[in-house]
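Two complexes follow with chain A in common, the first pairing it with chain B and the second with chain C.
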Partner chain A sequence: MKNLNRYGYVFIAPFWIIFLVFSIYPVALTFYYSFTNYTGSGTAQIVGLANYKRLLTDTYFVEAFFNTWKIWGINFALQIGLALLLALIFSDMRMKLKGLAFFRSIFYLPNLITISSVALLFGILLDWQHGSLNMMLLKLGVISDPINWLNEPTTAQLSVSLILTWMWFGHSFIVVMAGVSGISQDYYEAALIDGANRWQTFSKITIPLLKPILLYIMITSLIGGLQLFDLPMLLTDGIGSPDGSLNTMVLYLYNQAFKYNNYGYAAAVAYGLFVITLIFSAFIFKGMYGKERKQPRQV
Partner chain B sequence: MIGKPAVNKSITNSVQKPNVIETKTKPKRSMAKLVLYVVLSVMAIVCFIPFLMMLVNATRSNEAILSGFTLIPGSSLVENYQTMMSYINIWAGFKNSLFISVLVTLLSGYFSALTAYGFAFYIFKGKNAMFIFMLVMMMVPGQLGLIGFYELSKNLGILDTYIPLIIPAAASPFVVFFLRQYILTTLHPSLIEAARIDGAGEFKIFHTIAVPIMMPAIATMSIFTFIGSWNNYIMPLVILFSPEKYTLPVLMGFLKGSQVAQNLGSMYLGIAISVVPIMIAFLFLSKYIVNSISAGSIKE
Partner chain C sequence: MKKKLSIFMVFVLLAGVIAGCSSDSQKSGKSKDDVDLRIWSFTDELKKPIKTFEEKNGVKVELTIVPIADYPTKLKPVLESGVGAPDVFTGEIAFLKQWINAGYWENLSEKPYNANELSDKFVPYVFDLGKDKDGDVRALSWQTTPGGIYYKRSLAKEVLGTDDPAQVGEMMSSMDKVFEVAEKMKEKGYSMFPDEGSIRWFAQGDNPQPWVNENNELKLTDEKIQYMDYSKQLRDNNYTALAPEWSPSWFEGMDKPIKVKADGKEKETKVFSYVLPTWGLHSVLKTNVKNSVGDWAVTSGPSPYFWGGTWLGVYNKSENKELAYKFVKMMTQDDEFLTSWSKETGDVLSYLPVTNAIKDNFSDKFLGGQNNYEFFLEQSKEITPGIVTKYDQQLDTLYGNAVQQYVTGKKSKEAAIKEFYQKAQNAYPDLKVPKK
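Moving on, here comes the complex of A and B:
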């Protein structure tokens, strides 16, 4: 049967041909461009580390970095907070709430909608004078003056954070619930018998056992969040206004490449973003698992 | 399981604590339940209200929308539709998106299954190295190769075609990884051996034995692949130039800069048309989608 093992190559060949051409080669080509002054036409000249040097001192990139970080951070805190709160409510053995499937579906729905539709929808809903949100809030008496959501740096960033939360907390909730349902009921029954209150049960049983799941949510959310592009692109017509507060790293990359034809520099931005993502992912890993390794295990 | 020591400790600690919960009376608990239902309902309403505004405003005229807020539908649905369609053909975007997403899903499903099977049931040189390399590449964000991808498409002369949006789906590392884990636990090698003894060829075994067994996992991944392709914005934005080839997300961006934006009712209707079919599909598929998300995250 030994000769049959050659079929292994046949089975994986289509994958590798396409993977090499459409994934590996573009990544390598981008890496090469990051050392050149390529402008999309003509020949590329090697400029050494000039693009990377420029990246480190580029105030727009640094600003884009902090914007992306702020928008993602607020969104993530709210998203995971809501997801955990909902999981706490629905996993409570004493409450036995009904309607999990219904609420889960409603909370998850925004995640399925094409993000450009979401951006367009909120672009007009959040309009200062004619937006339905301000009109509704005025009518309900929640605010006395219309809020200029998308034209003030702080509210613009907050708006994007909240839209992202709206889109993603249902997804996180489903993932957290999947993790919760994987925890043995014995722990909860034991806690109930021992008289642990809700908060103790949640913080001492659920959260520690959910650590791998929370890590998964955090890393995937971070990788997605640092690549934030669609919403700011469509809400601001690619400008990143007001005051550059919605200028994110990938929007900057896109504009450098396809608006200003600075392909070489944009390639360096892409690799800068990649390194940043790697560093922060490593930090999260270390933050969640690093400490425990040092402590001796005791059971 | 890293958390276990902490759990054991907390349980032993809490033994000494007085029993607070059990002293609560029944009416108190049903009160708490009511409060929770109210909170959940408010959250559900807040979640749904943007869609509700969208649907209501899609039926109102531009003047009515500018004049004030209401949740009572208007009567301008037909006019709004005619205004929108006179500028852009949203159904063309729908068709393009559907065409691309279906092909992407099929390619990704079939070739990932093929690759996963190759990795799982054959022994060959460099197998582990290739698998590890694939896992490492899985961590690389899509935007990293964007510029190189654009240049490659330009040099191959496939810009403004669907080829760069469809063909790369045949190499989906995450799907391969997921399917490989799945088939290793569900298909026993002795079954393959038996089929070989019966004289079945390698591809026949794959198509008649392995694919049916992998089908639930392929379906799970297909949901993700389809949604991902359907919502993809940056790739078609970079690759496509001709408006008639635009996918729905790109067309939506195009809508914003067009004359339609002058008429808010038509604008809301355009958004609604892009959203409602997804909502209807979700109504029927929500159970599967939720299960897929759960499975995808637990398998990690």
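Moving on, here comes the complex of A and C:
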């Protein structure tokens, strides 16, 4: 018995070595740097809590915080709404749509394109003078002057939200569909017999039973959303133009570290971001499951 | 048997991990394979020189190319730790100052290099940029990258009555004169520049100052502020084709008329000129122009400027400094090599003994036979040394953003400048920034 135990440790050693070297060590080192004024070269001097004090009063970080939420929020609302709507259509017993597998892959396709290609593609589509979108709108007579999509704070943020929605609604749709197919058909049949309409079936059966799935989508999307970086980085000049509207938290972190060489401060930003993610994940978790506990089981 | 198998499996797994860790450290050991010299750079430019070097000296050189976007982030940890580090590495103007003062490059002013003796053999500003804050030479460059204005001869003849570079240059020798030309261009339906960003190289005006002075103070000169107005003027008077640098339409405008949409109208316009440096001819214009070859010429703008450039030096912890410097020497001071190099690539060199010998015999078909070599050498002499700081790239971007905000009418001039100061302070907390 004793011997077996020892072998067990040896077996899990590879994972732990990799985990320690590539995950724990950088995390710990970042924590250390967040108390220093490290600039990426030379030695780091301990500056105590100065970086964290600066973080709390940093208007650009606050701006980045709200930008991230705005961009993620719009994207999430659209993405989940679209996914649910599609799930509703495809799972409807009365409609009996064919080609689910086909549409599922079509919807998922945008998610397979690398983000830099997506950025390049939309950069061209949304181009001010020669972009396809403006050309189309001009031809249709919707607008008389081309709109500089990526040069106006509102439209730039909206563009990023919509691109993210386009990329991710297929993914959410697949997860939601998986959840929907896990719901017993009995409920729906019973509802049908009771004369429930579509909306009632959806809101009283599908949504409540999908709660764990929705929670999963929300938390993974939130964690991903708070780390929003690549699209804002690639769509404009990489420092959050226009007018700081695409300055997200991770982009801010990146620029502080790798453009301005404020590694110490960037480490503090990273920990700020970590705390924010933690708080909001806990918040969502509580909101979703806390309620359930309060309500007695319904039969 | 089972036991043996499990021990074996553990071994395999562990070996995998250890192999992953060790391959790097082995590479850095000098004894591994037969590479004599390691060079890191961000373009493949050095491939040919390295071949020449290998043949000349009978050594083996390994070139590692890292794309420019990742270059500083990849090179820095290697230089810091010395593990897997190159013996020679190049640096681009954008991060040159930072690296020079970080001491990664060997001090070439000391024996046995004595690089200070070379000072009058190089274009002054190029040599000066390779010096650290104590005035010691850390890096050298084989090229000089002054800029000019490339324009289309046919449009110059039609609108200005001449296509002679000297005369056209005279017509654009100040910003006010540039606007006169722009107005004439506009009357004929042409655009002076692709977009207002083109004139950023003239933002210094006739008073070139570093962004940050020796007291660590951020300085925004009156000339730079005036440049905001010039930019706005270009936009407001529709002197440009609204084609931002490096955008598809910017490239298209070099060869063809492009469409511009503004004020509810669409018009077609030809772009008269592009503000580009030496390398712009070979790697931008020549690669994108097909129809108008020979219809181009280059001349000087309102003020001299330079854009880009690559320096190289010896890593201070290299174990093979002698050979490393030999390569640097060949790249920067070898008459025979440099002569053939410049003839092959058209690169404008900074090593005067060679440039003086070859400058008279240059002429470029693309530029209608103009001797651009001599032109650029003259320009390079006029560049003020000592105005480059490690902050330049980021501050230029931040200021460019502020100008853009003002040009598009989103912010007043004062608000844009204030924003610039705040962002500069945020990026560099140690700077003394005017509180306005």
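The rule we apply is simple: the second predicted complex is superposed on the first by the 287 of 299 C-alpha atoms of A that agree within 3 Å, B and C clash if a C-alpha of one lies under 4 Å from a C-alpha of the other, contacts with A are read in each partner's own complex, and residues count from 1 in each chain.
Rule of thumb we're sticking to: contacts are C-beta pairs under 8 Å (C-beta built on N, C-alpha and C of every residue); 3 or more make two chains touch, one makes a residue touch a chain.
Keep in mind that this is a model prediction, so the values were computed, not measured.
Peer 1: Who touches more of chain A, chain B or chain C?
Peer 2: B
Peer 1: Touching A:E63 in the superposition: chain B (first), chain C (second), both, neither?
Peer 2: Neither partner.
Peer 1: Looking at the overlay, does A:D237 come into contact with chain B only (first), chain C only (second), both, or neither?
Peer 2: both
Peer 1: Pick one for A:Y7: touches chain B only (first), chain C only (second), both, or neither.
Peer 2: both
Peer 1: Check the residue A:H130 against both partner chains and state whether it touches chain B (first), chain C (second), both, or neither.
Peer 2: both
Peer 1: Tell me which partner A:F258 touches in the superposition: chain B (first), chain C (second), both or neither.
Peer 2: The answer is both, since A:F258 touches chain B and chain C.
Peer 1: Overlap of the chain B and chain C footprints on chain A, residue-wise?
Peer 2: Common interface on chain A, chain B vs chain C: 7, 10-11, 14, 18, 21, 124, 130, 138, 237, 258.
Peer 1: Provide the residue numbers of chain B that touch chain A in the complex, in ascending order.
Peer 2: For chain B paired with chain A, touching residues are 1-8, 10-11, 14-15, 17-22, 29, 32-33, 36-37, 40, 43-44, 47-48, 50-51, 53-54, 57, 65-66, 68-69, 111-112, 114-115, 117-119, 121-124, 127, 130, 134, 137, 140-152, 164, 167-168, 170-171, 173, 176, 193, 196, 202, 206, 227, 230-231, 233-234, 238, 248-250, 252-253, 255-257, 264, 267-268, 270-271, 274-275, 278-279, 282, 286-287, 289-290, 293-295, 297-298, 300.
Peer 1: Which bits of chain A are touching chain C when the two form their complex?
Peer 2: For this pair, the touching residues of chain A are 7, 10-11, 13-14, 17-18, 21, 40-42, 54, 58, 60, 124, 127-130, 134, 138, 144-146, 148, 151, 237, 239, 241-243, 255-256, 258-262, 265.
Peer 1: Which residues, counting only chain C, touch chain A once they are in their complex?
Peer 2: My answer: residues 6, 9-10, 13-14, 16-17, 21, 72-73, 76, 80, 98, 102, 242-243, 247-249, 258-264, 394, 397-398, 401, 404-405, 408, 410, 423, 426-429.
Peer 1: Report the residues of chain A in contact with chain B in the complex, numbered from low to high.
Peer 2: Result: residues 1, 4-12, 14-16, 18-19, 21-31, 33, 89, 94-95, 97, 99, 101, 103-110, 112-117, 119-125, 130, 132-133, 135-136, 138-139, 166, 170-171, 174-175, 177-179, 181-182, 187, 190-192, 194-198, 200, 204-205, 207-213, 216-217, 223, 226-227, 229-230, 233-234, 237, 250, 253-254, 257-258, 263, 266-267, 270-271, 273-274, 277, 289, 292, 297-299 of chain A touch chain B.
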